[in-house]
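Common to both upcoming complexes is chain A, partnered first by chain B, then by chain C.
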Partner chain A sequence: MTIAARSDRRLATCALLALGAMAIAGGCSTQVDPPQFRMNMQDILQEAVESHSPDEFRVVGNEEESDKEDKLANIAKLETLTTLTVAAFGEPNEPYLLPEVRWNAEEKKGLDFKKITMAAGPTGGDDAKKQLGLFRQHCVHCHGVTGDGAGPTAAFLNPHPRDYRRGTFKFKSTGFNDKPTTADLKRTLIDGIPGTAMPSFALLPADQIEALVEYVKYLSIRGETERNMAGALFLQDEEIEATRAGILEGYLQPIVDQWAAAEEAVVRPTERPETSTPEELASSIEEGRKLFFNKDAQCTKCHGPTGLGDGNDGMAEKLYDVWNEKKTADDLARWLLPKQELRPRNLRMGIYRGGGRPLDIYRRIHAGIPGTPMPGAGPQPGKKETFTPEQIWHLVDYVRSLPYENASEPAEGQTHVAAAHSLSN
Partner chain B sequence: MGKVWSFLFLLVPVLGVGLFAWAPSNGFWLPRDISKHGWQIDHLFNFILVLTGVVFAATEGLLFWFLWRYDAKTNRTPVKYMHGSHNLEVIWTILPAATLLFIAIYQMNAWADVKMRKPKDMPPTVEVTARQFEWRLRYPGPDGKLGTPDDIHHVNDLHIPVDEEVLVQLESMDVLHDFFLPNLRIKQDAVPGMSIPVWFRATDTGTYDLVCAELCGWGHYKMKGRLTIESRASFDQWLAKMGAEEQATQEPAAAESEDSQ
Partner chain C sequence: MVSLAGCGSRAVLVAIPEPDQELVKAIRAGGGEAAAGEQATEAAPSGEPAGWGNLTGKFVFEGGRPEQQTIDASKDPICTQHPVLNESIVVGDDGGLKDVVIYLATKKAPVNPEYEATADAKVVLDNKFCRFEPHVLAMRVSQTLEIHNSDPASHNSSISPFGDANFNPLIGAGQQADHQFTKSQNVPVLVTCNIHPWMRGYVLPRDNPYAAVSGDDGSFEIKDLPAGTWEFQVWQEAVGSLAAKPEWKKGKFKLEIKPGDNDLGVVQVSSSLFKK
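Showing the complex of A and B:
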């Protein structure tokens, strides 16, 4: 063996040893920073400080003296906001809840902190092999650590995963402006949302589902509190009283109260008109068909005369939900996810995101879908009803009959508008 | 090479065969078979396992013997090169070819039972639609037909009756999935755009796994369902309950306080 070959071999051995040592040392000493909740204020900031992204305005550089003052003021506001939300809610690894908003069995309101700790934190089990860190195990890749619907897989999904921080939930049993009930969120977890990327978690044990629901509520309340405080600081230019009472009374308690009130705000429809015989059902469907084309209802405007969800096709004005409507082409970089157009539901697919029971569809028509242009047609506070409960039931029957009716050969009695539309397609 | 090395090579067949001898009695073997046709699959599995096992042991034994016999330290006879042996080549071509042909013919009946002899004149018991990352189920309602307003929809929780032919209509909404019922020895790809019939007859009740056996995306590992096999009576009862729930026009009293399955 030549000397060169021998030294090569020695070099290789050394390199291997060094690599091994590095791997061992690296494996032992690498400390990953604990995750943080992400600031929740893109849209607020957009209005408050027009051209600055959150990162941009943390840097004070060589701008004009007057601008510099503004910037410093904004940085101070940001710090206040962070301090207050962390004080009230803790961090992802160590959630916290003020005692005043923890579950109070007498008043039936507040959040169950025990369930929250079960769902929060890193994935793993405790000594008793109880599963912990459920949110990060099952939800975080789409909904994100903050519950902002911007996890790593979110950008690939249509629709984007729900951003809980507005406190707006689409599929629920309560009125348009109400929060969902605990049972609603549970149902969403168990049934999943067909037509979206939200899968069913039906096989998880009941206590895990309950823990996850409680954690979703926690993230939503956290996000909404932070958002309202950001609005006060940046938009209304208000001072926030940085005391426990200030946060509680001004921001946190009202939101927790709304969640508690939702449990009492469940929409309970009147008895459905008799549809047990085929004749009765057919006449109810026919009634519903007329209502579907009713001018006041404007169903066809979005869902289209055939119910294919194409009413808005080719229109200059696109539809967006509240999570997307504020995004503009020139500031997309500041948003976590690209702007996404909203598609009205195709009623002929037989896929119902909020559930396919007559009860679910009644509630959709009655209360509308918050965050989207779908209005509620039933009587609601401060709004005249479009339809009576009986009329809504007819609409339910019509909508539920659509998947089983051939769109290109409309049943007899269908209005000429729909017939004409299906011909022109 | 040294004789130590020869023994190391001998360890491979010894440990390999030993592991297979040890595994069945220690819970590492096929899941319990509860299907009518499953014995055919298991029989083929065992038959091929024994066949390949014998070949494996013989090959490894031969390797050991060569290492031992022709160890450079003890064997001083110079190497002789030969062009090859025509006879040997004919033997090791024809023997495996004949074996493979035999297996191909031998398994035909099992294949036909599982994939070709579809039960005649039978409506589907359930339609299973795979989707990233869950199993959407649709049962025919009281009219016994799929695609009518009384269909019963469910997810991830597959129920079937015991001791009865079951016909599953398998579809996919997005990508390739694979409908795998380990205890029923059923494994069938779900292909987007195709409706594939899958049939079987379960012989015992209980709850078992339904898993996806085709890498279908990042959430493949969590695409798990539960198979419940039950008597006809309790299956009908369950189906009627699901059907009634799906037609609900009022919140069921029990569901509001506690309903989490």
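Showing the complex of A and C:
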């Protein structure tokens, strides 16, 4: 077989097509073949196979017999993975859900298949002039058909669009390891994500927003199920029973359960200090400022002594999120999206990706931001709180005051860095 | 059939086989096949093994002792009291290569009952002097990872194991965070502190207790292995799978464990393996 060479050339053609199509035609929908979900080869190669080399999946003919066997076994695993994933989720034009994971009103669990079919498939309308194919109309350019965050425009964006397939979402009301709630995703769609390319879809009718949210969940659950099954096949060298029960029990059902559990896992903070008068607010901000520079909080190590997000600048080791950290220099030419460094948030801009309400910032500090270096300071399973709710509220008040604080007047005779260090000692 | 056409294609870099449509239909209809995948599985040996054996050995670095680079840790004043060194290759005075992980790759090997007592033990990973102590550790999934912080300031310890829950708590001075893995991993999982981004540690959670990390002198011991022929995996941070010998493909080798003591002897690790 000479799949190897052909595959690379086709890939290059595809990348060019994707770029060209943006300017000229309507993108991938002009393809004759119906679109397919793209397999998560990035994670399989980076983590599960460990070698980072696509050669593990290519029989070129001149390898030793044992190597050839390994490669054929790997290819067989890919076929298993495709078959199981297609069986459970279908294809972009023909989504499918196993009956066990369709919406169950009694248990308040599962995915609403009606909403998914409204968002899936090619753009158009049905006989009743109801809008269909919403995901491909509004989302696919950035998030891609698969929801892997690698749509045609993705390479031009910083940050790259979210890849849903890890089941990790940064901005949500729940705990660190919980999924977002339906309301969280809805809010992201309606408000957009300030400071990123994610726009607001507030003008869409409510039923379309709901359909899109359900489809994002579907893509995320599909991606995470595929990823975990890939982990079992390649990383654990386990077999997966090719039956409904085999897919459901070990892989799909636990993920669907986590999404259902998220609705009950919303962080609802208490003990908010009184800040209704200017004096009270000033005192809370002052408490927060002390904490911000405190060696227990370590905020300045990333966000910088003046909150500009420059605390890690000049370090040999850059910061990355989980979507980027495993990419190596060798990979750069291989992946559809290059490795992207993560900038800690500049707190003086007054732009908050997860929302600017005090409650939003509280939740960021309490739970941390999954997938990023931002740790959680509140209690987590297995760990007591680092800060009390009251202390977190003080930090919230200080962070919210930062855009209005004068950053250009360092303490007398000191640079800000020195000032911060003296405060933290 | 291989489909590679278009942007909405399954294939990225690798030709992906088409799904088995018959099987897709069967699964949806409630049928399917009892087991998918063509990987050979080794049947669990029945009954008690013929005895238990210990495996010892020593990894020695060949080709001059590489110098550990000092890391600029001046970002945090608490990290400047002790020199912080790059620990990706640590060679002792007598040439011993530290932090090589050697573990049983064969699944479903019998476990010596001696290990039951420590099945739910705590395993400590300490943040101390702005590094992880130990730098590399192996544990069982059934055990609890206790992350301590002996430094006078906060660390965060971020872990994202494949297919398992992520963890990233802020751990104040003197505090601790407990973490329970739920899945065995086949390579050690990276632990990072992002406040001090040079900090790297590795934890290998396994289903069985047969894993060891080489010490300062490069030596290791795995106790009470079941007698029989098993496959072992060797891993080192800077190279990943450590093919110290030509026949150790991808760092794996088979070895017969006899009751009593088994010595792998001195394993020379050539410096050329580390040049990429």
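Basically, the second predicted complex is superposed on the first by the 361 of 425 C-alpha atoms of A that agree within 3 Å, B and C clash if a C-alpha of one lies under 4 Å from a C-alpha of the other, contacts with A are read in each partner's own complex, and residues count from 1 in each chain.
One rule holds for everything that comes next: a residue touches a chain if its C-beta (ideal position, glycine included) is under 8 Å from a C-beta of that chain, and two chains touch if they have at least 3 such contacts.
Since the structure is predicted, the reported quantities are computational estimates derived from the model, not experimental observations.
Between chain B and chain C, C contacts the larger number of chain A residues. In the superposition on chain A, A:L319 contacts chain C only, with no contact to chain B. Once the two complexes are overlaid on the shared chain, A:Q380 sits against chain C while remaining clear of chain B.
Contacts of A:P358 after superposition on the shared chain: chain B is touched, whereas chain C is not. After overlaying the two complexes on the shared chain, residue contacts for A:V266 are found with chain B alone; chain C is out of touch. When the two complexes are overlaid on their common chain A, residue A:G368 makes contact with chain C while staying clear of chain B. Judged by the touch definition given at the top, the superposed model places A:N406 against neither chain B nor chain C. Contact with chain B, but none with chain C, is seen for A:I209 once the two complexes are overlaid on the shared chain.
When the shared chain is aligned, chain C comes close enough to touch A:T82, but chain B does not.
According to the touch criterion, chain A has no shared surface contacted by chain B in one complex and chain C in the other. If you check the complex, the residues on chain A that touch chain B are 138, 141, 153, 173, 183, 186, 190-192, 194, 197, 199-200, 202-203, 206, 209-210, 266, 268-269, 271-272, 356-359, 362, 400-401, 404.
Chain A meets chain C in the complex at residues 3, 6-8, 10-11, 14, 17-18, 21, 27-28, 31-39, 41-43, 45, 47-48, 50-51, 54, 57-58, 66, 72-73, 75-80, 82-88, 92, 96, 98, 145, 152, 168, 176-177, 227-228, 231-233, 235-237, 239-244, 246-247, 295-298, 301-302, 311-312, 315-319, 322, 334, 336, 368, 370-371, 373-377, 380, 382-384, 386, 421, 424-425.
Here chain B touches chain A in the complex through residues 132-134, 136, 147-149, 153, 155-157, 218-219, 222, 224-226, 245-251, 255-256, 259-261, going by the rule given at the top.
For chain C in complex with chain A, the residues that touch the partner chain are 2-20, 23-24, 27-28, 30-41, 71-72, 75-78, 107, 152-156, 158, 160, 162-163, 165-173, 175-180, 183-187, 192, 194-198, 240-241, 249-250.
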